[in-house]
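What follows is a single structure, and I will ask about it in a moment.
In order of appearance the chains are A, B, C, D and E, and numbering begins at 1 in each one.
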Amino acid sequence: MKRVYVNEKWCLGCHLCEYYCAFASTGGKDMALVLKDIEISPRIRIEEMDGISFAVSCRHCDEPFCVKGCITGALSKNDGIITIDKEKCIGCYTCVLSCPYGAVQPSDDGAIQKCELCIKTHAGVPQCVLGCPNGAIVFEERGA
Amino acid sequence: MAVNYIYPEYEVVRNYDRCIACRVCERQCANEVHEYLKDIKKMVADDSKCVNCHRCVSLCPTRALKIVKTDHTFKENANWSGKSIQEIYKQAEGGGVLLSSMGNPEKYPVYFDKILLNASQVTNPSIDPLREPMETKVLLGSKAQNIERDENGRIKKVMPPHVELSVPVMFSAMSYGSISYNAHESLARAASELGILYNTGEGGLHEDFYKYGKNTIVQVASGRFGVHKAYLNSSAAIEIKMGQGAKPGIGGHLPGAKIVGDISKTRMIPEGSDAISPAPHHDIYSIEDLRQLVFSLKEATGYTKPVIVKIAAVHNVSAIASGIARSGADIIAIDGFRGGTGAAPTRIRDHVGLPIELALASVDKRLRDEGIRNNVSLVVAGSIRSSADVVKAVALGADAVYIGTAALIALGCHLCRSCHTGKCNWGIATQKEELVKRLNPNLGYKRLVNLITAWKHEIKEMMGGMGINSIEALKGNRLMLRGVGLNEKELEILGIKHAGE
Amino acid sequence: MNLLAHDLGYRSLNEIIRNTDEDVVIDRCYGERFIGSGASGKTITINGTPGNALGAYLDGATIVVNGNAQDAVGDTMNDGKIIINGNAGDALGYAMRGGKIYVKGDSGYRTGIHMKEYKDKKPVIVVGGTTGSFLGEYLAGGIIIVLGLNSEDVPVGNFTGTGMHGGQIFIRSPKKLKYLPKQVCMNTADESDIDSIKEYLTEFSELFGVDMDEILGRPFYKLTPNAKNPYKQMYTYN
Amino acid sequence: MREGMFRNLSGCAVSGIFSKSGKRFSGELIIDSISVMHERSNGLGGGFAGYGIYPEYKDFYAFHMFYDNFAAKKECEEFLERHFDIINLSKIPTRKVPQIKDEPLIWRYFVTPLPTKLASSQLDEREFVVKCVFRINTSIKGAYVFSSGKNMGVFKAMGYPEDVGRFYRLEEYEGYCFTAHGRYPTNTPGWWGGAHPFALLDYSVVHNGEISSYDANRRSIEMYGYKCTLQTDTEVITYIIDYLNRKKGLTLKEVCSVIAAPFWSTIERKPQEEREELEFLRSTFDSLLITGPFSIIVGFEGGLMALNDRLKLRSMVVGEKDDMFYVASEEAAIRVIQNDLDRVWSPKGGEGVIITLEKGKS
Amino acid sequence: MCSGLSQRSNRVRGKGCLSMQYVIIGNSTAAVGAVEAIRRNDKEGSIVIISNESHHVYSRPLISYLLLGKTDEHRMKYRGDNFYRDNKCELMLNKTAVRIEPEKKQVILDDGTSVSYDKLLVCTGSSPFVPPMPGLDEVKNKFTFYTLDDARALDNVLKENMKVLIVGAGLIGLKCAEGISKKNVEITCVDLAPKVLSSILDEESSAIVKGHLEEHNIKFYLKQQIAKFEGNIAYLSDNTEIEFDVLVLAVGVRPNISLIKDIGGKTNRGIIIDERCRTSIPDIYAAGDCSESIDISSEEAKVMALLPNAYMQGECAGMNMSGVDFVFDKAFPMNSIGLFGLHIMTAGTYTGEVYSDSEQKNYKKLFYSNNRLNGFILIGNIEKAGIYTSLIRERTPLDTLNFELICKMPGLMAFSRKTRAEKLGGIKNESIGA
């Protein structure tokens, strides 16, 4: 199963992953048009401090507490990818409380949002990976 | 200083319609050109700090940036260029020797660009290099001079020490210190994957890279930094650096401030101590002294490794090469005046030496005239920019080429020529941790592998076009070359005919 | 019609052949070139050594050589049949598009190179003995069969199937082939594979009187283009 | 414009006949063979080499000369007299053939080096002769030595080979070996000296093809005292063979492993001993690797070698009948003189076929 | 190991080659967890689900959102329409299991029929508890707020400007209040406890929540109990009269344990189960709100009536029922509640030393002792709360991370570089350079 992996050794803290993520989820054609003058709310987020930085997004856990704890059944894992059914989600944030990575966020639409490996975006492949200039975020098969 | 005579060379042009203030430019500019003004939620730039390295341009996700050359003009004339005027201002202000990075930028002829290659038609089939066997493997070193046979009449297969390259391209000497750990790792890993060699430069060999020994040329320069037995023996070949194309006759100086941590360890000098490479080797004041150093290195390594002597292309290069060929050296590396450097006095870089094409042609001819061309292999350097340059160099007589600047460009270098500031935004010519990490060797080495693989394909295409399926048959095959727009003398030195002949 | 080739010279010889509808028997043949070029609808029997480019562009005629043939037999052949009761030279069946070539003995370098299929045309070469290097180079379609009946070793040279991107090569060999280029995939031919070439083997057996049991008495290796390993991306647009 | 002033590209036909028992036969046979391959020539050059043809002068170097004029002849003969004892000199007998025109002065000298000159040169006899041949060919304008071996001779001219054979009355010679060449040069009006065979001492080479490595080979071989005056492939091949076989002492088989070296990938698969030898030869003489299409027949005293380039880009067939050995660009050229062969086959690319006299040298 | 669940592949196929018969009493979260786990291991065995309701499995906590209009009955379904079909389950609706006959391995239903089982799961949940109150029987519009049917009934009577009295200011009562607030009704809430959400909040945080609810016009009478009802008037213990149109009783719930208790199975407040969700009776498992298990944050046995817990217990039971040895030992209380836009998250036990940090409605309190995080309360800023939760769940030694930092801001930054490499790079060994 290909997953997004992050190696902080190569993270430059440039935050481009966040912008590419935010852009991908808009479905827009031109980043400048869609992200101009807005506060982005990406599904991948940089943690940074004292020269250390790294991006965090959903790990698509083998034992996903978010899915198991979801009170509505809105979160589910299919083909290794944990996705959110925004129709069902009522924004109780039990998943936020469950996620050991802090990778699930409340979203502007009242539901939650999380990385879905861009399977729902027009891009089809994780844009954070493509947007990372230094290979700190990769999308690959790493076995167990 | 009340009057500022130094004007910005570049202007940062930001398209505010496209700028989304993501601040990547701000975060990525080590020169602190860009700044986000929170109160007005806008990015601004200080042009005077810009070195035109394009880091911000490359990373801007909305392509909102471009850097343009300023159209501000001095009152120039044919004699007094803006450059000359500006340089005088700088020296009047600072009182120092002008220092520059990378190779000679001046408008001297680039002979590679005035040479055309041949191809087969009818009388001799061209060869499809993608499918048919096409050999680019090269062995560097001297050749056995005599055929000796054992009691059964079988040839004694004693080959002088040599190195093998899958393609006649090597990464030239760039020291750890002048370039970063990650740049070095990229070069070492790429060389290893490609089956070619990279060169440590004069800065010693980081212990992490001993494992790439089979693909390493270790350099012995006048400063002898990091030179010890294990260093010499961990290599595939040893290079004595006599000179460098960018600064013939000039030594090197890495300021003490850069001698920290691993650099100090690798160079085997105390932290903070200046690393000075004298202009000459102070144990070599004549050609016979060179022979002494060559053989001392051979002794130290049990005659198992070829010894390279690297010189800058200077006016009597062919006579010098002839002397080296008789000194026990196995390989002569000649560095032309367009070769790169981390820092060289501008006047030296721009006014000393000669183009590698002429140096190569004359050295190859001289060695052949003396019948000693097979005593040594010839490696040339000094702005080999493409596979066509490689093919032309080989056809002029080189066994292989070194690439330095081209390799750095592959790693992301944008030729901003500010290596000497140590603030390389691409993580190449810097030791600042936060900048060094910008060059991820996992990506870097792959880019180098891609570059050389692409060149290899192209070399094969060109060879195939000529109906040549082995690089040996290209070496010195000057009939495959024709000059355009060259005068008789130039053609004579290059040993080629004019196009149409 | 009986013709004495060497006495006529190749141009006269070929003109006569071109202008007749009869079957032709040629004697005293010493290297006369281009025999049967583009011919259709007749049988040409040659006693001797026909010259280069025998049966070039052949378009349906049958050519039988009692002896060895030289280079470039069946060059760009479209249809018909060439039967050689001996050896053939280099570049046999170059760029052949249809028809069949049967060689009792050996063939030279570059056998079946650039062979291709088109619509219902599917060229076939069967070589009874061995071939030189570059067998089936650039093969784009059709079938090449090498039987190695006179060989106890792999009956082909180096660089077999170099640049192959279509078609099939069957090699009857006591040993597996080694050092094949990356674009070639090798399997031991199974029963259905053998069935697919049975008609050519049978015809070979009948033409040259070779026992079918002997032909089938050894494994065949089947070479096909390796779809998983197409040419690596070679180009970067500039 | 003449040969040597520019690079000459050509495609051709070759043929060779060799009697392993040393039985001498008439030159007629080789004319019959080469004429079958008329299509492969264009009338701009043809030639023959015969071995064992001068039994009465077998200890003397037979110099065959072209002179443009009498002045050249005079100058050359003065040179010869200073360095050699001239045992016999004569015009080479020819007959008028309408197709052969513009013939130069064609002379033959049987010579032996003057002992004093030889001694003072400190060279071995053959090297001395080579040096003298180069002296004539590079410094005496209008004089050209086109054959310089013992008990052998080269006969060549502008024209189709069968016409050249009749011109030189080749049927009147008998030898144990003949080679022939029909030439198809592509960019030259042709010059008599540029025809094949090309010879130095008793090495003669006929060659079909064009080599891509020419200048790499030329510039390399010229380091060792050879002067490539004609800029033809054959000349450089001849010198390479002379250098490797005579001067470096490689066997002809080893020579093949240099000039038509196997691919590295092939070498890697060989057993260790052989691999090391091939690696050694290929790397030691890297600049003498010949690439591009060629098939050559090399004549030498007491033997014959046929060799194709390593990709076998030119055709070549060899045949045997009893003690006779045949080699030609096309099988028909053998069949026409011997239809009933014991064996006929095509050597592999790079695989030299070497035939020598059964009882040693004649 | 990030899962906290250990699993050994030790599949046992019961009863020779005959396929297994699984029976599940109850049709809520734990049942779904069990079905999904069983089907991971056993694609063939038959599964019978007995439900005393008439609905496709739905999420009980969503009933307040249903009233609020944030969801509908279709979207409320906890699993898709094809859940039973896809998992080959036989669903028996409107049937109540009245008795288990463990020696015969069968369940007797209220219609007298029996269902035999090889493995039985009891996930009967709990029922609202209504304490005796004088006059209650005479109250006309009185409701509990526990099931979909409860919600429908309540929704049917509510009209604008009605006065609603909710007895109980716990989770159910307050969510009900939020749910019906949409109807523009006047809400009064009475609780015996001195604070709202008394079981999960401390005084300060409870005060913040109460204040927030009061801003949304909910009236509270705390430390009060209903003395009596007289028609539409409730009299509190201090004689306060509260007039109401509708009464909602949300005092509490009790686990439904009788099926097990009746046959001598070990019970306490809930059915006692071990870490494999086994009851004391062979081949009978229990999971969810009816069961009682160890809270790892306090190491005490508790009924932890929480949906995530129910699922994971159900899953654990299902795994073991279908022959795979599986342990679930990560249960602890955990709540995420939104009330009128204010988010409250709590987890674990509130014992030990305290780190607190609050600013207006953002409130944070962490409880730790013996190098472990025991529990926390977060109000307002709940970003990355799961990282705190994981510290409780994994019993992470606090000295392995930068505790000072993580107190201020939950994040992976507080962990060691190596741990981060494992978490983010999927790297299991020490080589983080590659």
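By definition in this document, a residue touches a chain if its C-beta (ideal position, glycine included) is under 8 Å from a C-beta of that chain, and two chains touch if they have at least 3 such contacts.
Not measured: the values here are computed from a predicted model.
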Least hop count linking chain A to chain B through chains in contact:
1
Report the pair of chains linked by the most C-beta pairs in contact.
A-E
Work out per-chain C-alpha centres and flag the one nearest the whole-protein C-alpha centre.
B
By CA centroid distance, what chain is farthest from chain E?
D
What is the distance, in whole Å, between the centres of chain A and chain E, each centre taken as the mean of its C-alpha atoms?
28
So, what's the distance in Å between the C-alpha centres of chain E and chain B?
68
Suppose each chain is reduced to the average of its Cα coordinates; what separation in Å results between chain D and chain E?
101
Distance between the centres, which are taken as Cα means, of chain C and chain B, whole angstrom:
52
Give me the residue numbers in chain B that touch at least two other chains, ranges are fine.
132-133, 442
Of all residues in chain E, the ones touching two or more other chains
none
Considering chain A alone, which of its residues make contact with at least two other chains?
9
Let me know each pair of chains that touch one another.
A-B, A-E, B-C, B-D, C-D
Touching residues (chain side chain B, partner chain A) in the complex:
17-20, 22-24, 27-28, 41, 58-59, 61-64, 433-434, 437-440, 442-443
Note which residues of chain B are touching chain D in the complex, please.
120, 122-125, 132-133, 135, 137, 139, 143-144, 147, 149, 154-155, 157-159, 162, 368, 371, 373-374, 397, 466-470, 472-480, 501
In the complex with chain B, residue positions of chain C that touch it:
134, 137-138, 159, 162-163, 181, 183, 231, 234, 236
Tell me, which parts of chain D touch chain B in their complex?
6-7, 9-11, 186, 209-217, 219-220, 222-224, 248-250, 254, 261, 263-265, 276-277, 279-281, 283-287, 289-293, 311, 313
Of chain A, residues touching chain E in the complex
3, 5-9, 47-49, 52, 54, 56, 59, 61-63, 65-66, 68-69, 71-73, 87-88, 90-102, 104-106, 110, 142, 144
